[in-house]
């Protein structure tokens, strides 16, 4: 966890959620899929399967922020969620499509890929927590993805063992999630969760929220594993 | 508030919500419509309009408990909500229809009556609080109805000034909500809210929940007033 | 209905919904509040009450488009809804706040005004139709507002009897909804509803959707009336 | 498909959905897990894992019927959904718990088992279809489970190759889903879907609904496979 101290303050609500499920968090952020991106050893079919599913993932991720905007009790909360929704479908998805084009995958191809059960499980779990609970439950289910990718990017970028240059086909992926733009996204989501935790009784609900966070983290582990399984690993 | 001390413990979460909006609570539980039932002076057209709208109200009230069952995080919470839903559509609605038959109104007639905006406002406000928030937000919006009718029934039944016997066409209504069956419903809803308040951080969220409770109470005032307005009062 | 022929094609799904409830549509689009804006006779307190409630209305209207984005089955549907959400909270609300400043009302004041039951009834009815049904039900409930304002703006702008110039304090309001920008919003919403009606079986569901559209139109009548009532008319 | 002709009329909406995805339907209803129950060869650990997950499944299945009751547009629709919800949590879950006790599993143990991603994927997919769409979308996602178990029970009970008597530890399971009580549940769900298909434009939406039905069927395949995987098959 030390490596992420910079990005995720230990005293933040999100930092406390991470600290409450150390095994799941490590299994997620140090998954063999991640290690394979760091040293360039990840089989390309694994990454390609991941990319296509990540396209479908982003659609439901965007739907989750739309739900957050709908559930907002204040204009600030609505603007935060709607801004993220807008960034996802207007910017992120287009970047993802461009990036995938570099791997020889078209948007039409990805849209036609059957959704992997691992993708269904994580995305619909998040949406269900949002419908069953309140905005804080929803953000607790979204946090492993938003924050975890930043933590992974930060660690891989800082690690001297990470393979650099053209030898590593995954360097661009690492650069995105280690980049200042994404770090800002992460910091904003941590701050938003801190505000909500105060207003929505986060301390009294910590155990339930930690359970949601851990389940979502475990489903992220399944999302990485799905990539490896597709490549027969 | 003293009259309801027996039914609603002052220290219960619901008791605290009532204490946070004394003016709205008084305007609701001592509305002229209520006073008119107590002394039998309420014009019959007012009561008839109220009864027909109350039929439509019960449908959306049942939908709110269905939403509560859907949002439940525990089997106990689900059983409580589903049991209430079942009681509402299998028992309460049939009793309501029987009771209305005594006033010469058939179920088909009531189902065909256009829903009054006062009924739309209250019922859909409750449902929206349920979708926007969690189970505690939903129950805070439902409480003025469930608990308020018990408080009104208790006070009118205990008040020596209440007109008794055949002279008061509204005596049966009062008897229902002053009866032990309904008091049990109220006590269970108060206990359920107390349990949820602990688990869902009710203390930290008290001001927001009190705002929801007050808005719902004000919409109950509108529901009584709708009856009087229909009778040209 | 003839006056709106240009903006709302008679054969469009929305045109058919309007044609199915002529009395409600006329009561809404030719309400005395509207006539008062046309000839400048509307009491200012009526308009001020309307403006403050319209601010609250816009918040829940935006939440309805967030719900639409969440419910979308295609990326195009999501982009349409998210784009409208974004336009509402980033552009429309700011314009509304600026416009209200011209009437001496600050955003803080409007945010603090208690929501009128007429506003609660309409906005929460729309949201409930969205939760109970699908995207087409939701858009059928939203259409009277989106399309109706365009129809009103078009008619008042074209009507030689409309009072022009500084003598009419409501001329700017009329200009907004008669303007090309707003007409484009209306045309897009009509086209979106036509696409959805095909995909979601609109013809087979016409009676139910017409019922939703009519109820929403009646609640718009209530919204205008709320303004007059506030001014003691 | 012939074997289920009796239970599922070919011309029913559900029969048409089944006919639209023959490969998925066969993979589901003739899965090796099912074959292993028929001849008694299914490893007990596979069945035990299935039973524990089915307990968790039933909870979310009940939540889906609660959502259906909430979304209902008519009292009949609400009574159907609420009756099913009630049957599930008052009767089915208790029978399931009793049945599992016969396999040496307590309710507390099952409630403590981590939910398998295959269970998360199917249940939350169903709930999401319900939130994104209308009642018909929700029932299309629920149908593979409700109807498929009846079809499986019917076929295994009728098949002379099915191992009978104490030699087959799964005979009681087969008897439940081949029993007249369960057949009545299936017939009612088919009839309810037929009514909804008429009212909600099912013919025009057939392709989308068939897609939902097929996805849900594929997730049922995953649910059986989860049992085998747990036993290392």
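Order of writing sets the chain letters: A, B, C and D. Residues in each chain are counted from 1.
The rule is simple: a contact is a pair of C-beta atoms (placed from the backbone, for glycine too) under 8 Å apart; a residue touches a chain by one contact, two chains touch by 3 or more.
Chains and their UniProt names: A, B, C, D = Aminopyrimidine aminohydrolase.
Owing to the predicted nature of the structure, the values given are computational and were not obtained by experimental measurement.
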### Task
Would you pick out the chains that touch chain A and also touch chain D?
B, C
### Query
Between chain C and chain B, is it the same set of residue numbers doing the touching on each side, over half shared, or a different set?
same
### Task
Using mean Cα positions as chain centres, tell me which chain lies farthest from chain B.
A
### Message
What's the distance between the Cα centroids of chain B and chain D, rounded to whole Å?
### Response
38
### Task
Using mean C-alpha positions as chain centres, tell me how far chain B is from chain C in Å, no decimals.
32
### Query
Quick one: chain C and chain D, Cα centre-to-centre, how many Å?
44
### Query
On chain D, where are the residues touching two or more other chains?
63, 70, 72, 131-132
### Task
With chains as vertices and touches as edges, which is it: line, ring, star, complete or other?
complete
### Task
Write out the stretch or stretches of chain B touching chain C in their complex.
63, 114-115, 117-118, 120-121, 124-125, 127-128, 131-132, 215, 218-219, 222
### Summary
The chain C residues in contact with chain A across the complex are 59, 62-64, 66-67, 69-70, 72, 75, 78-79, 81-82, 85-86, 89-90, 93, 111
### Summary
Listed in rising order, chain B residues that touch chain A in their complex are 70-73, 131-134, 137, 198-205, 208
